[in-house]
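This is the structure, below, for whatever I ask next.
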């Protein structure tokens, strides 16, 4: 079936029915004729009075007064109008309180970097002493030349030669996995790759989904990186869920793991053990079974996001198992890796059912 | 021709994509089969103020809206064609014969005026709007050209716009891409245009012959531009549709996403239409063993794939930042100009952009694949027919 | 084109059957577009508008195409500025009006609306939170039946809320008019709320945008001649209309939030009165 056409998700409303009873009621009410058609918003069985539903008490919209009490401190997503102490929401989102700090986390927004976040980014610009990296945030992050492990096997000083050949480490378009090291006052992030876990990405596929900031997408969790077994004859796969919503799924390469073990010998040795492959842009040979499973896993991640699910280790692993089962039941067997459209919906329905 | 937009991908990604797409069967990043389109949602008749409209959203979030408006316009005639009575036909035929002898502009004129059933290509005005791009941007103009040449290719479409010998409909097709162009929008725009034209209705003509036209006010009575068979409710002849196909390795892939385009060897935009001829015997066995419709090739354009602009990958052997020992001879490596690396032998796992032109065999195979009976084009047309256009 | 709106005095009903203080039917949706940061679709009567917001994001060296359409630069020079630049781009579809009329990018009216929108939003969005970046607002007009600028402002507000861009409050807009023409010089002319195309052609009118529930006017556009004595009434009716519009838009956003909470996509949060920690 080369093409599937689904009915529109967001249907334009039919022209308003010129209902006689409706216009009668308009005449009897005196507050202007505008009313909202809730049925067309796709809201199932609206509660009689949603304002009273305890689930919704922390839902605020821009301009909503949260508290006039000056004992609270305002955090992200709020502001205090001049000459008042009124903490007011500036976003549509959910109130979160941490001790005395009140903030509003948006229903959806771009990724906001925080120190320690593991991110996947794409180099978009090379400058004299730093790279500018797209991490899906409001600003480009920067990766200074001084924040990477230089190749050479010895702890060495950064030289002018390194600056001149900055492109041999990372060039435009390259994908890197890095950690947010520091934040500027204006929200800009500085990254570093001074660990064996970080560096240039290869042997795999990239997927961009929305990141932390509310709504579906990658969430901050205990583990953002893990290795999992491929089913149906595929080898081991590495999954990197960047907190910013950029996801990298690749073939697992043993060499890196060995060096990770060596890392424990001592932190000072770390630099010496810089993986030979850190700056390589040559893929290792990958067998087609592993490639297929990598594609399947990528399908799982995009299906989760398309259907409004959170993406974390647990969901991805369960989703992958479910997808393998679905493939087994289908006509073409494990070759069937398509998880778009209705198949994705099936998948997430099965996951939510559990 | 005009290049599809550039995407930024790393050499490792490009190499991976290329090798996974070159497998048999190819592994596409989103798991589709080689002939499969992205899932889409479609609806028509969304804008009551137009003669026909349609909206299509792909699952990846790209969305387009097409609106069709028709106006009555006086047909431009030549100086010697100022009478409309049949006695003049004789004169016209003579004229035509003379022209045929002279050759010259015979074809053009014949289509414009003398042919009783003919029409002119300027009866259709097609505009494409892509957010963030100027309307005179080369990419936008090229898209518009591809879409309109498919419509005008065989002159069959403009014939439908004829009212009588003095008047015709002028059709304005406005094609809006609502979302930012995430992938090359040609398939989306073509499908949406197709649907909008299917849903287009023109007011019912009440006047007769060559008098000034006037129309029935009743919209419900307005006939479709593409007439439905009253018995089966099916559209007899259908607007053209433009398919984007690409070849990579030995595989042919339909409706490529932007990542796939970035590693394409050849990209073609192929417009196909229903062939009106030979339909008679086909339609007989509509429900049974219909092997597919007769497809007619309307136009082919090559689209310059962005893969040619991508930087090549650097093999480990040539990478000064690779390995432990290499740093010693950094100096030597540094002097190695990049140009020499690009010309070096292909290394497994290293991205090498396609060079040179497309082979005629590949082009032939691509077109063949599109035109195959009961193939993708057929199924796309069938699926579009399933959309409610009433 | 002489229109007949003079029957108003007989039944106190307008050409489309509304009374003086009635809005047309407003229908709105957010998140209509999966790929965009924020998106919305808004209908005010038969005026239909779509909005897609991209950003805030830093315009990279390669992405230079965005501003080329000549959007009104409102919030600053962009690039290295301390505030985000709000770039508005309006596409009026050729099929949107009754007679097909194609407006190029350089159309003066479109440019003016772009700059009005850009200035209005730049004043309300908290652009200082996003230095060096750009907020791209792309609007598509699908169908026009009066109050176009107001519909554009409302749609842009919704899309910005959807994109999670902090703002002081909703900016909502509405049009107001007067029941008789300037030439009639009628002292007893009533103000009218939410003009449709026909009324807009014939009667004096203005577009007013206010900030949230307050009476703060953030944009006021009047392009017709009207006696100063009538202006106050028109403005009062318009501001009142804006508040009604705000209620409607707020419901749309809340409905989306409630849907997300019910689906478990977002937490229900911890409010001030939740005693779970301290």
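Just so it is clear, A, B and C label the chains in written order, and each chain counts residues from 1 on its own.
Everything below uses one rule, namely that contacts are C-beta pairs under 8 Å (C-beta built on N, C-alpha and C of every residue); 3 or more make two chains touch, one makes a residue touch a chain.
Note that the coordinates shown come from a computational prediction; the quantities given were computed from them, not determined experimentally.
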item	value
Chain pair, A-C or B-C, that carries the greater number of C-beta contacts	A-C
Longest centre-to-centre distance from subunit A, chain (CA-based)	B
Subunit B-subunit C separation of Cα centroids, rounded to whole Å	35
Distance between chain centroids, defined by C-alpha means - subunit A, subunit C (Å)	31
Residues within subunit C bordering two or more other chains	34, 62
Multi-partner residues of subunit B (each touching 2 or more other chains)	8, 46, 48, 57, 59
In subunit A, residues with contacts to at least two other chains	10, 12, 124, 306
Residues of subunit A that touch subunit C when the two form their complex	10, 12-13, 16, 23, 26, 32-38, 40-43, 46, 50, 53, 55-59, 61-63, 66-67, 72, 77, 79, 81, 88, 90-97, 99, 102, 105-110, 124-125, 132, 134, 138-140, 186-188, 213-216, 306, 308-310
Touching residues (chain side subunit C, partner subunit A) in the complex	17-19, 21-27, 29, 31-32, 34, 37-38, 41, 43, 55-58, 60-62, 84, 126, 129-133, 161-170, 193, 211-213, 241, 244-245, 248, 250-263, 265-272, 274, 277-278
Touching residues (chain side subunit B, partner subunit A) in the complex	8-13, 15-17, 19-20, 23, 25, 27-33, 35-43, 46, 48, 55, 57, 59, 254, 310-311, 313-316, 319-324, 326-327, 330-331, 334, 347-351, 376, 379-380, 383-384, 386-387
Residues on subunit C engaged by subunit B in the complex (per definition of touch)	33-36, 46, 48, 50, 52, 54, 62, 65-66, 68-69, 89, 91, 93-100, 102, 104-105, 136, 138, 140, 142-143
Complex contact set, residues of subunit A against subunit B	1-12, 15, 122, 124, 151-153, 161, 164-165, 168-169, 171-175, 200-206, 274, 276-286, 288, 291-292, 295-296, 298-299, 302, 306, 335, 337-342
